[in-house]
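After this come two complexes, each holding subunit A, first together with subunit B and then together with subunit C.
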Partner chain A sequence: MNDVAVALVFWPVGALMLLTALYVFITSSMARAGLLLLAALALESILFIALASEYLGTLMLLMMSAEMVIMVFFMVMFMPDPGGLMGMDMTHDKRRSIAAAVVLSVALSAVAVATDWPARVLPPDAPDVRALGFEIMGRSMFSFLFAATAILFTMVGGILVAKQGGRYAR
Partner chain B sequence: MISLPVVLGFAAVLFAIGAYGVLGQTNAIMVIMGVELMLGATMLNIVGFLRYAHPDATSGAFFVLIVMTLMALEATIGFGLVIATFRTRRTAEIDDLTDLKG
Partner chain C sequence: MSDFAPLAVMLIAGFGALALACVEQVVAGARPSPVRIARDAVLSLREPIARPQSYDGWLFHLAPALLLLSAIAALAMVPWAPGFRGIEVESGAIVFAAALAYVTPAVFMAGWGSGRPLAVVGAFRFLALMLGYAMPIAMITTAVAAPAGSLAPAAIVEVQHAVPMALVQPYSLALWLPAVMAVALLAPFDVATAPGELGGAGVFSRYTGLEAALVALARRVLLLAVAGMTAALFLGGWHGPLLPDALWMALKTLAVGAGLLWAGRVFPRVENDRLVAFAWTFAVPASIGAIALAGLTTLLFYR
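Here is the complex of A and B:
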């Protein structure tokens, strides 16, 4: 994609991503919040694709759609007011949280704008997937295996923590 | 046109929205959602650096995979803890979990 096409995709999709992310914490319906989070991360994956990381964008879309659908189930199961019909307020320290978020946003944006970043631009048709494949199967193989093992151990650990009559039951 | 500071700016706002979720929500699952957004912002940063600062550094792309894995692991452990808490306390509200409060 050339620079104009990237800009045409990035600005509207980025703005929509921020809006959906914000609505995750504004809506009172929990199922809707889960689906909004899925929408925010799906829009982020479109940004990845626009920024010439097609493989990462597609992978993100696939992984997050599965994860967010599971999250919607959990929300409906464990939230006190999953449909948002009782008008429960599920926030605390609202003012201080908003203030902290605004300060954080302004501070990080100021650093992003004020820093003198190096300027090197990717050629339009970069071999992203091929290079990433060589990276995973070559230099970063050990780290990749470590990530895979971590997933396995987390699956086992998650089940052990959650199982009935387990170590933490009382 | 899009440049690195623009991408980082979007990521900063996304990170702040996630931080608001972590700090301001009372339910554990909503807190997990906030963390997901913060990690999403981290990945956007890395992709931005990859595109505009170090296009030849494929190890950066690999780091996105690691953060994506971290998102899945964090959600798995979080959901496990939510189930364990709900089983013993019948609630997933973090305001009710005060055993370690001094």
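Here is the complex of A and C:
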């Protein structure tokens, strides 16, 4: 894709992403908040795809859908006002949290703008890319696999622990 | 990939959905009649769009579009012939799984947005179901991609030129089929719509007019996508003697579609918690085993 096409995707999608992210905090319905967060993260993955990071973007699309659906599931289950119909305010300590959010986002944006990003763009077959690929798929693979297995067993174990007794015990 | 590939995918979606609707009629014991399907569609389009008495009506109205979008995105990844491999993406099989992952929010939006208790029940049933069944889809995709060494569906078809994957990894197929049936809202996994059980008040029951037609189309396109991908990943895709490549692929897709619909008429719907329990206690661990076995098979026979 050429630069114009990338810009045509990047700016509108980026704006929409920020808008949906903002609405996550404005709405008081748990279902809407979860789905808007999903929309924001899906749009972010489209930004990744537009910036030629296809695999990462697709993977984010896949993961975020599942994760945000889980979030909707549990938020609706646990929150006292899941539909946002009772006018319950979900925010606390507003003045300080707004101040913290503004300071933090200004600081992070400043870092993004002020950082001296490398101007060199590597071609996909550069030796650096190759070395990185071998590192990730070779020596580092064992730790990745170990982490993945640990997470999985934690999940399965968590379900097993949660399942003991309770209303639906069989 | 030609510039007309998206248009071709749209045409395949339209005609394929029509063909599968005819297959549906045959499986239900009626005579296939495209005319009746067209007439039903026209009748449906004449109705006005229903506005639900719901605070989240906009979710309700967005859901059919999202459902159709994810179905078509999934369909776009299916390779139909050596000359037409769908929209070619390096990691097409993962894109397929990612597209199917958006069926869950779409169904949830439909049920939640319609603001009816039983539709919300259907929506939550589907969420619970898909939390378990989305995992085998992605994991089995990895297992069948291992022999090809590529996540491009066309490459996975190429590697099956001698032996179809269904014979190399029958266990993967056995784990894949329930998962794709669940995501395509097919009986006996149709706990979200559950005609006859939720009293005709499933997640899609409030849709009328254009939106009902969109939902009906999206469900057929979804079936077409999963049937096509099953044919490509497990049944050797376009490989076959005598007949032209694309015809083989079309026949296999229709056969898989008919088989999935037939299974829905033969097997009874079971309780949601049993389906979820099957997913978490059997399908997910078995899928990990399938990945390990696929790795072994790849090392032994494909390298």
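The working rule: the second predicted complex is superposed on the first by the 138 of 170 C-alpha atoms of A that agree within 3 Å, B and C clash if a C-alpha of one lies under 4 Å from a C-alpha of the other, contacts with A are read in each partner's own complex, and residues count from 1 in each chain.
As a convention for this text, a contact is a pair of C-beta atoms (placed from the backbone, for glycine too) under 8 Å apart; a residue touches a chain by one contact, two chains touch by 3 or more.
These figures come from a predicted structure and were not determined experimentally.
Applying the stated contact rule after C-alpha superposition, one finds that A:Leu61 touches subunit C and leaves subunit B untouched.
Contacts of A:Val69 after superposition on the shared chain: subunit C is touched, whereas subunit B is not. In the superposed pair of complexes, A:Ile159 makes contact with subunit B and with subunit C alike. More residues of subunit A are touched by B (comparison of subunit B with subunit C).
Within the superposed three-chain model, A:Arg96 lies in touch with subunit B and out of touch with subunit C [touch as defined at top].
Within the superposed three-chain model, A:Pro118 lies in touch with subunit B and out of touch with subunit C [touch as defined at top].
When both complexes are overlaid on chain A, the residue A:Ala5 reaches neither subunit B nor subunit C.
In the superposition on chain A, contact of A:Met137 is made with neither subunit B nor subunit C.
When the shared chain is aligned, no partner comes close enough to touch A:Leu145: not subunit B, not subunit C.
After overlaying the two complexes on the shared chain, residue contacts for A:Ser29 are found with subunit C alone; subunit B is out of touch.
Of the residues of subunit A, those at positions 55, 59, 70, 159, 168 touch subunit B in one of the two structures and subunit C in the other. Within the complex, the subunit A residues that touch subunit C are 29, 31-32, 35, 38, 42, 54-55, 58-59, 61-62, 65-66, 68-70, 72-73, 76, 83-85, 152, 156, 159, 168. Within the complex, the subunit B residues that touch subunit A are 1-2, 4-21, 23-30, 32-34, 36-37, 40, 43-44, 47-48, 50-55, 58-59, 61-62, 64-66, 68-69, 71-73, 75-77, 79-84, 86-88, 91-93, 95. For subunit A in complex with subunit B, the residues that touch the partner chain are 3-4, 6-7, 10-11, 14, 17-18, 21-22, 24-25, 30, 33-34, 37, 40-41, 44, 47-48, 51-53, 55-56, 59-60, 63-64, 67, 70-71, 74-75, 78-80, 90-94, 96-98, 100-102, 104-105, 108-109, 111-113, 115, 117-123, 126, 128, 131-132, 134-136, 139-140, 143-144, 147, 150-151, 154-155, 157-162, 164, 166, 168-170.
Chain contact summary for the complex, subunit C toward subunit A: residues 55-56, 59, 89-91, 94-95, 97-98, 101-102, 104-105, 108-109, 112, 124, 127-128, 130-131, 134, 138, 273, 280, 284-285, 288.
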